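Some structures to go through are shown next.
Across the two complexes that follow, chain A remains constant while its partner is chain B and subsequently chain C.
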Partner chain A sequence: MIDIEQVRKVANLARLDLTTEEETQFTTQLNSILDYVEQLSGLDTADVQPTTRAIEVSNITRRDRLETFSDREAIFKNAPDQEGDYFKVPKILDNNG
Partner chain B sequence: MTAAAPAKTQYEAVIGLETHCQLSTETKIFSASSTVFGADPNTHIDPVVMGMPGVLPVLNQQVLEYAVKAGLALNCEIAPYSKFDRKQYFYPDLPKNYQISQFDLPIAEHGSLEIELVDKKTKAVTRKRIGITRLHMEEDAGKLVHGGSTLSGSTYSLVDFNRAGVPLIEIVSEPDLRSGQEAAEYAQELRRIVRYLGVSDGNMQEGSLRCDVNISVRPVGREQFGTKVEIKNMNSFSAIQKAIEYEIERQIAAVEAGEPIYQETRLWEEGNQRTISMRLKEGSSDYRYFPEPDLPPIEVSVEQREAWRAALPELPAQKRHRYETDMGLSAYDARVLADDRTIAEYFDATVGVGADPKLAANWITQDIAAYLNNEKLTIDQIGLKPEMLAEMVQLISKSTINNKVGKEMLPELLTQGGSPAAIVEAQGLSQISDPEQIAAIIDEVLAANPDELAKYRAGKKKLQGFFVGQIMKLTNGRVDPKLTNQLLLPKLNAEP
Partner chain C sequence: MSLIRELHRQLTQKERSAVEITQGYLAHIETLEPQLRSFLTITADHALAKAQQVDQQIAAGEAIGLLAGIPIALKDNLCTQGVQTTCASKVLEGFIPPYESTVTERLATAGTICLGKTNMDEFAMGSSTENSAYQVTANPWDIARVPGGSSGGSAAAVAADECPIALGSDTGGSIRQPAAFCGVVGLKPTYGLVSRYGLVAYASSLDQIGPLTRTVEDAAIVLGAIAGHDPKDSTSLNVDIPDYTHTLKPGLDCKGRKIGIIQETFGDGLDPVVDAAVKTAIAQLESLGAEVQTLSCPQFRYGVPTYYIIAPSEASSNLARYDGVKYGLRANNDSLMDMYTKTRATGFGAEVKRRIMIGTYALSAGYYDAYYLKAQKVRTLIKQDFEKAFESVDVLLCPTTPTTAFKTGEKVNDPLSMYLSDLMTIPVNLAGLPSLSLPCGFDQAGLPIGLQLIGNVLQEQTLLEVAYAYEQATPWHTQTPHL
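Presenting the complex of A and B:
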């Protein structure tokens, strides 16, 4: 079970601005999702390795070979603002840990 | 009877380091953009670095190899199964709003490295093992450039993402360090190791090696740790040492005064030689880690791991031990030689072709080192090759020439190289060791300086040095110095 305080905390961490109605609504919805997933707890997983991947594949790597991306301007076009060669963002005080 | 004054409380510091080390790959950890330092802003970016929708990161295989090699060099266990995770936080230098890092299954864990501490006064060396908690791979973030003329006056920031996605290894030590000196030595040994391995340039000024310090103090004997403070912003080894020494004093003073120590991040101010509070830490941060779905796990087979282990060079600590134990060098010489891999390999090559280790070490750590320093050269850039130095050292060992002649030959050898034996032959520099020949030279010098001789015999014994100097001058320094002194004294002291 998660309560409304946990929903507020997660919303804050994800920088989501929720209305009071949404907080209640998401608490109900999240609990219903968690209840559904909770069915898995009925299984005996004592001999099962934790899953870290959806498909059986590992060690996909690339060679250390330089390939300069040719369309830098396309990336700048996706940014809200720029100044010269820099991306421009509102000044943010460092508040992460 | 007066009561004994209460014993002053002794404190000890408990210190751990988190070191970020930039790997010397050509391209980024998950994409093919360049990692070169100092390029124009935002020229090394691409859709993967910037987290554009639909892109797929792919691990640079060189990053994995470098990380495993660093882990092996730090005596770590290499994880047979490892994965990447997303560490989520919001800051404008992080284009995706998460950093791809490793959380619960790092590539390497449970290692150690050995540091050597030299007592400043006695020069005595003590060794200490520092535990390595873990080593993991992750991507670097971009850099913020603050707009406006002053930091506080600016209303916006400018971002350069060239550094975003540059491969890092983060190495976390156990809280085994107890002083600024130990921490600085740990950081230096770490840099020696990554440089020996060739996995990083370890350049602190360019940020290739960044150390964050965690530090607390507690009364000696207490198990429980004090409140931990993090210090950042040291960009030299001496800054690490000084920041820690400052912080230890600050924390002890606070405890003694009954003031609280806050769990916080403090910045080292190099100009003011102090730490200042940057921000308080409220509990542990909630990064909401989860497995990175776009990157499949990494499995390192035993064969692969052992192949990489076999490719490791002899490491600095191994070299120091060998130089001291097998070659009988002083701890000091061993440290100086092993500090830099090219110097150590030059020394090894010199000894390998038959030079006396102690003599070779002296030449390398003194005259050659001074030359390299003055000329801003590395040892592989000079004319004097290891076999030439070995030849010269052997000429000295066999008393064909003396040390002084060796020093005179050195400038030419350093710039142009050549065969020391051939130079000795061509310029007639070989040592004069025939007692009769030396005696004749002494007689000549005594006869040419009657006044000084009289003064000497009248008691001014210091003039012996004058006569030695005259003999050296006359022979261009070629006489055997020991034999010369042996023969000179009786002649000086002889009754006129």
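Presenting the complex of A and C:
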């Protein structure tokens, strides 16, 4: 079971600012989903290897080489805020930092 | 008859120009969109300019490929350079990709004409396209019903003839389920056969791009154009791509084909009309020469709970990038933390938040083994079920969905009941197998029913041959909705 305190903790980990109504709603809905998922615990998987991808391909490498992207402007045009050649964000450290 | 071949014939015999064909589809889109709402963006100017280029090639006497001048619609989670790509999310409103996805690049090189970007469940999370932040798409067979999802816009557009072919993506059934609800063909290729470069990631170990078309042969043609190794996708398989259409000829039967019926998909929860239509289809396949046997995939029913741990876990990681820094929405500029939490709170819809929450919880300290690792182990068991089944058969068969299309609004407040509409399709993604849905009848209300065929790894050819033989022997694909 997941309670509203855990929902708040998970929302913080996920960087989601939930409303009070959402917290209540998600507590109920997450519980019903997790309750449904609970049926997996009845399966014996002690000797089973996990599958991370359905079709395994291994040792895919490429040369670690810089490639210049031709259209910097197209990237910056999507930026919510920008200054010079930088993406601009709110101040991270305070003046004493 | 393949719609692509018919349009190609019209072009090469100069019955219609590419501009005329494109104008025809654009006019049809304009008429139908007020009630269907399949498209989020329509790229009319771009389409007409591209059509003119194809017409110039034809006028100059150049030989054109089969896909040259063929209009196409693209699901809005495929990055298209210079054309807004939203994933039907507010968090990506106004996002203009600076690069092109591999599949759309390949199709553009083949000469297809992009008509626009289609509606979907936000970030491909959903089964009805109702999770779009922008609009609700109607099912062309009954506009009070959903087209399925998440590639609902693409499926509805093909069914209503707003475009001859479309691309979708399939993580747990998002091509096949809407194909079934809208009465079209939908193909999910083997994981890794089609490059995911430029497909906005939802659950990376499950996502695959594939075609939605009117006929099996059209699906084979589009698959041939988009499949193949891509160094930009590290999960891309380095295999030769055959001409998938070369065996699809009139008179093809199913002699010697071993078809396995998954017994667990029949029973509780299956609409009797769907049950009857699929059983009739099985008899038809037998009369085409197929050797049919019933077999058991006992872990099949654990597909949905396994998926609803694995997919949200991967999603919670993939969607961490929507933080308001480099593109898309920024909802707040007060502090870094407020920028993150308020951007994500404003930008994401309820289902996306729900899955991010489940995934974050399943991956968090103390719960990882119980949920994520457990689900990955059950995934192995599901995969082993399929491996065992394919020791004795060539193709597996079951309904695509337990019911026909449901009413708009019917399941929006009950996430679990919505998830269960993907019961039959989800295990296939967990095992990475190719699978196809094609029409196999209609219910009493005139809604299409889908038949799902599942192939072994990289056995797309076998899958397409069985589907083609069935399609040619039945009238379902010739029926169109009245709008």
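Everything below uses one rule, namely that the second predicted complex is superposed on the first by the 88 of 97 C-alpha atoms of A that agree within 3 Å, B and C clash if a C-alpha of one lies under 4 Å from a C-alpha of the other, contacts with A are read in each partner's own complex, and residues count from 1 in each chain.
In this section, a residue touches a chain if its C-beta (ideal position, glycine included) is under 8 Å from a C-beta of that chain, and two chains touch if they have at least 3 such contacts.
Since we're looking at a predicted model, the values are computed, not measured.
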Kindly classify A:29 by the partners it touches after superposition: chain B alone (first), chain C alone (second), both, or neither? second
After lining up the shared chain so the two structures overlap, which partner does A:89 touch, if you call chain B first and chain C second: first, second, both or neither? both
Which partner does A:58 contact after superposing on A: first (chain B), second (chain C), both, neither? first
With both structures placed on chain A, which of the two partners, chain B or chain C, ends up touching more residues of chain A? C
What is the contact status of A:20 with respect to chain B (first) and chain C (second): first, second, both, or neither? neither
After superposition on chain A, the chain A residues reached by both chain B and chain C are 10, 13, 15, 52-55, 57, 60, 62, 69, 75, 78, 87, 89-92
Would you mind writing out the residues of chain B in touch with chain A in their complex? 25-27, 32-34, 40-43, 45-47, 50, 52, 58-64, 83, 88-92, 105, 145-147, 154-161, 278-279, 281-282, 284-286, 288, 291, 293, 295-299
Residue ranges of chain C touching chain A (in the complex, touch as defined): 81-82, 94-96, 98, 190-192, 205-206, 231, 234-237, 299, 302, 304-306, 308-309, 316, 320, 323-330, 333-342, 344-345, 348, 350, 353-354, 356-358, 360-361, 364, 370-371, 373-381, 383, 415-416, 419, 429-433, 457
Complex interface listing, chain A residues touching chain C: 2, 6-7, 10-11, 13-19, 22, 26, 29-30, 32-34, 36-37, 39-41, 43, 45, 48-55, 57, 60, 62, 69, 71, 74-75, 77-81, 87, 89-92
Contact residues on chain A for chain B in the complex? 9-10, 13, 15, 52-55, 57-69, 72, 75-76, 78, 83-92, 94-97
